[in-house]
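Letters A, B, C and D mark the chains as written, and numbering starts fresh at 1 in each.
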Amino acid sequence: MSNSLADLRRDLATAYRLVANEGMLDAFGHISVRNPNNPQHYFLSRSRAPGLVQPDDILEYDLDSNPIVPPMVRPYSERVIHGEIFKARPDVNAVCHHHAPSIMPFAISGVPLQPVFHLGAAMGQRAPFWDSRDEFGDTNLLVVKPEEGASLARALGKHAIVVMRRHGATVVGGELRELVFRVIYSAKNAEHQLAAHMLGHVSPLTDGEAEMAAGLNLAPGPLARAYEYWVTRLAKSEGRSKSDPSVKAAEAAARRPVPNAASSAKPAAKTSKKAAKAKSKGAAKGRSKR
Amino acid sequence: MSNSLADLRRDLATAYRLVANEGMLDAFGHISVRNPNNPQHYFLSRSRAPGLVQPDDILEYDLDSNPIVPPMVRPYSERVIHGEIFKARPDVNAVCHHHAPSIMPFAISGVPLQPVFHLGAAMGQRAPFWDSRDEFGDTNLLVVKPEEGASLARALGKHAIVVMRRHGATVVGGELRELVFRVIYSAKNAEHQLAAHMLGHVSPLTDGEAEMAAGLNLAPGPLARAYEYWVTRLAKSEGRSKSDPSVKAAEAAARRPVPNAASSAKPAAKTSKKAAKAKSKGAAKGRSKR
Amino acid sequence: MSNSLADLRRDLATAYRLVANEGMLDAFGHISVRNPNNPQHYFLSRSRAPGLVQPDDILEYDLDSNPIVPPMVRPYSERVIHGEIFKARPDVNAVCHHHAPSIMPFAISGVPLQPVFHLGAAMGQRAPFWDSRDEFGDTNLLVVKPEEGASLARALGKHAIVVMRRHGATVVGGELRELVFRVIYSAKNAEHQLAAHMLGHVSPLTDGEAEMAAGLNLAPGPLARAYEYWVTRLAKSEGRSKSDPSVKAAEAAARRPVPNAASSAKPAAKTSKKAAKAKSKGAAKGRSKR
Amino acid sequence: MSNSLADLRRDLATAYRLVANEGMLDAFGHISVRNPNNPQHYFLSRSRAPGLVQPDDILEYDLDSNPIVPPMVRPYSERVIHGEIFKARPDVNAVCHHHAPSIMPFAISGVPLQPVFHLGAAMGQRAPFWDSRDEFGDTNLLVVKPEEGASLARALGKHAIVVMRRHGATVVGGELRELVFRVIYSAKNAEHQLAAHMLGHVSPLTDGEAEMAAGLNLAPGPLARAYEYWVTRLAKSEGRSKSDPSVKAAEAAARRPVPNAASSAKPAAKTSKKAAKAKSKGAAKGRSKR
């Protein structure tokens, strides 16, 4: 992903529409990225439905969620979710708040989300809950005050996703594409966990399996492969041709052999447990490709 | 929304197709709006599948549901639902009767619908039931006689939605866009409530949370944001371009800062409980933007 | 619907693709109509996926399911379903055999399908089961031998739908559009019944309600309204414009006031129970509009 | 299907996109075919999302899963699934590894998949489980080492599908189209089994029914019929016209009368149990049409 801010705005706008196209965002929800040139600033769309966000809609905020340039347009009222998490988690460079349908039964029932298949391990080993009632009593449930955002960030702790009671979820990532992968596959994990629950038995990954599977799924190869797919689906849904620059870029990224492609051409090239562990920690600590 | 009747017909026809496009209406169901120039009259389509309704299909009725001009086309047989509710509820200016798939299990089982997430709070704090059997015994279940419509209106009472046993639901709003938001998000609320029930536990909003969340969701900002999204999806589904007038209008409405946009640019600008309460009551009493 | 056989072939091919487009048929299943000029013959497509059937694919059979003209193409192996039902039920002029996803859990579990909402009443008051094992022991489950078709027809009896254990369902109608309505709304009824079951309680229509609601739903007005919707959706899905002849015809049929349109313009014009009963019987006995 | 390798690459690429279009593959999963000219080699795409695979993406491997030509692109890391199964099962000429949503609840809960309707019998009489933990303890769950692939092949045994705990499934076929049919209808079978389970009772096919139904479903007629449908849906989804060569070829194949078409024009021409049994075994042993 390019370093230029114009590219960043374009990539962020694409991420909004891509996640909406996959069904995890509707008229509401939002995604932010930290400014790579100034970690005390972040980028977020103006208040707009994710499926419609364009590069020009992206605004810049400081970590207290004050706009850098007074906006002529309406901002999201819940932007403190992003600012307070960027403050609390220097390893996080991208945040998504959403109400994906498959996550909602867990947010409503209080049943804990668990990683139940290898791709779902992108959610991490566990998903803590945050209940606005605990500290703030009856509210309109939106996270609008800085202290509400800070409370949510504390509940998130060192995890990759926090489930918000009667509201939705907030997911974080070391970089934008990792975040998108985690949003999509934690939502699919939730769908599968509910269905397995209906069959009467949920058998989750062990902590070791979850850690190793997450490390592998979020490696450059699988990320590029998934991203090419989602970007192409978005372009198709938006009536753009396959020769669209975003599709071409994703295709080239997915085609490019990764550093260890030569070795991975040998079937036994499985990442050792130790290496996977190291990789996985790197991911949690904000592995950035920029 | 413009005051002209031509605009009203166009907006109403769009609402029919928009709600159908989101999946809450199929070949059946209907939406009405009160005549803003004559509160003793209302507008409703001729008997046509909602997904196909055009401005020319809109007919005008008095509150006894008699057509103002003898129609050359077939009217909906259930129009007394609209007339009797407009009679009983001066604060209501828009009504939708539907059989959305996610509402049906509640209509069939008799399990009460409850607000289970902040956007679902648009349904209000509770959804009373109406059973045609109670007063009328075995019928074909349609609401066709004035006394049946009046009975339904009594069951609705001061609420925003009434669930009709073995039939569907009827939803009301202070104005058309508020109604559309309520229809869509009460249906999503039902979907999430069923899924949470499958996990074994439904934890609804408190009355206070439901009241404050409803006040916020139905405020001009979120309404305009959601409407831009739905209108754009409809235009796309109908093969109309982004430069379609309805899309342009929705986009402009969503871009326009609301009166309190300046203050809402500060993160702490959360509506106080008292203010939210006042707002919410305003909504229930027919807050109209015309 | 026109009397000409060319029109009949076109209408039948449209019905195949329409029901597939609504999701009740996939690569398998089939629909037949009795020859209006010769009740001892019926029409059925050659062995082809329903979503692809064209007028030229329609073949003619006698009631022993022998082709009138030796075909150069492969016939459906299960055509005795149609021939044996046309033999046993002179009031039936259209038959559909399908494996709609929402019907399958009932076919597999043996839980009886019940009318649970007014539109679902199109299925009739009850849906008997047929189990190929009872008379024939272990088979490949297809209904291929004449005696198997006759056994199925006996299980259907005087009803409108028979659920086939571990296989699917067969639905009958007095004419093609009534059949299509019944196939679509009995499948939706099954979907709603399963969802209500998940909530813990299914409260079906009384026999009286089911009879009256069925009589009303299958009347010319609602049928034409639903058909215009489905035909338009099909044309859109097939990339045909709104000026397509089939769309124009359905639109005109739905716009035409029915004989009692004048009276139905008065809100109290609800069909009396007696009239509804008579109508409903008429429907079961093969009310044909040709 | 033609013998030329160019045709094979095209048919294999079509199969990837076709199964993705039907919803059983997303960004992950893969399909292989054995080289008909050299049974010690097989073909598999480079590491790419199935919905995007083109003929040029297909690479050739030996049965130890080493590339025949050193690739300039990234290979799938799980290709030993294919190589080890081709080694262990000379009757298998096509393999698909996937994470279809409807299969996941069975992979997670450990509830056995059972054939519950005639088309679902394509999965065979039972679906064994493989759990990577049993032999390998905590891993990242991917099947990357040759010994992991060999272990999976042992668990598959003589069956047509093996369910992989907390991961997905692997399905095999005598030829590519049989494999595609089995992947799609075993996934539909899983969907129906879950729904029947919700109704409280699952009544599977007897072993005799499953064997006879599988033999019939995988015969040339039904396979060609289903393939024409899926290929046409894919072409439509990809914006290709009906005159696309792949559509024309599938249409011609489906139109061509099978050898026994003359006899099957007589309704009583049902395959005897003995014949069905023989046919079914042929299928399991790698009936190839090449």
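Here is the rule we use: contacts are C-beta pairs under 8 Å (C-beta built on N, C-alpha and C of every residue); 3 or more make two chains touch, one makes a residue touch a chain.
Fair warning: this is a prediction, and the values are worked out from it, not measured in the lab.
Over half shared numbers or under half: where do the identical copies subunit C and subunit D land at their interface, same or different?
different
Going by the average position of its CA atoms, which chain sits the greatest distance from subunit D?
Greatest centre separation from subunit D goes to chain B.
Give, as an integer number of Å, the spacing between the C-alpha centres of subunit C and subunit A.
Measuring from centre to centre gives 47 Å for this pair.
Taking the mean of the C-alpha atoms as each chain's centre, how many Å separate subunit B from subunit C?
The separation of the two C-alpha centroids amounts to 33 Å.
Check each residue of subunit A and list the ones that touch at least two other chains.
Where subunit A meets two or more other chains at a single residue, that happens at 198.
What is the shape of the graph in which nodes denote protein chains and edges denote touching chain pairs (line, ring, star, complete, other)?
ring
All pairs of touching chains?
Chains touch in the following pairs: A-B, A-D, B-C, C-D.
Can you tell me which positions in subunit A touch subunit B when the two form their complex?
Subunit A reaches subunit B through residues 26-28, 46-49, 51-52, 64-67, 70-75, 77, 79-80, 83, 99, 101, 104-111, 133, 138-142, 144-146, 149, 165-168, 194, 197-198.
In the complex, go through subunit C and note every residue touching subunit B.
Listed in rising order, the residues of subunit C that touch subunit B are 116-119, 121, 188, 191-193, 195-196, 198-206, 208-209, 212-213, 215-216, 221-222, 225-226, 228-230, 232-233, 254-255, 257-258, 261, 264-271, 273, 276.
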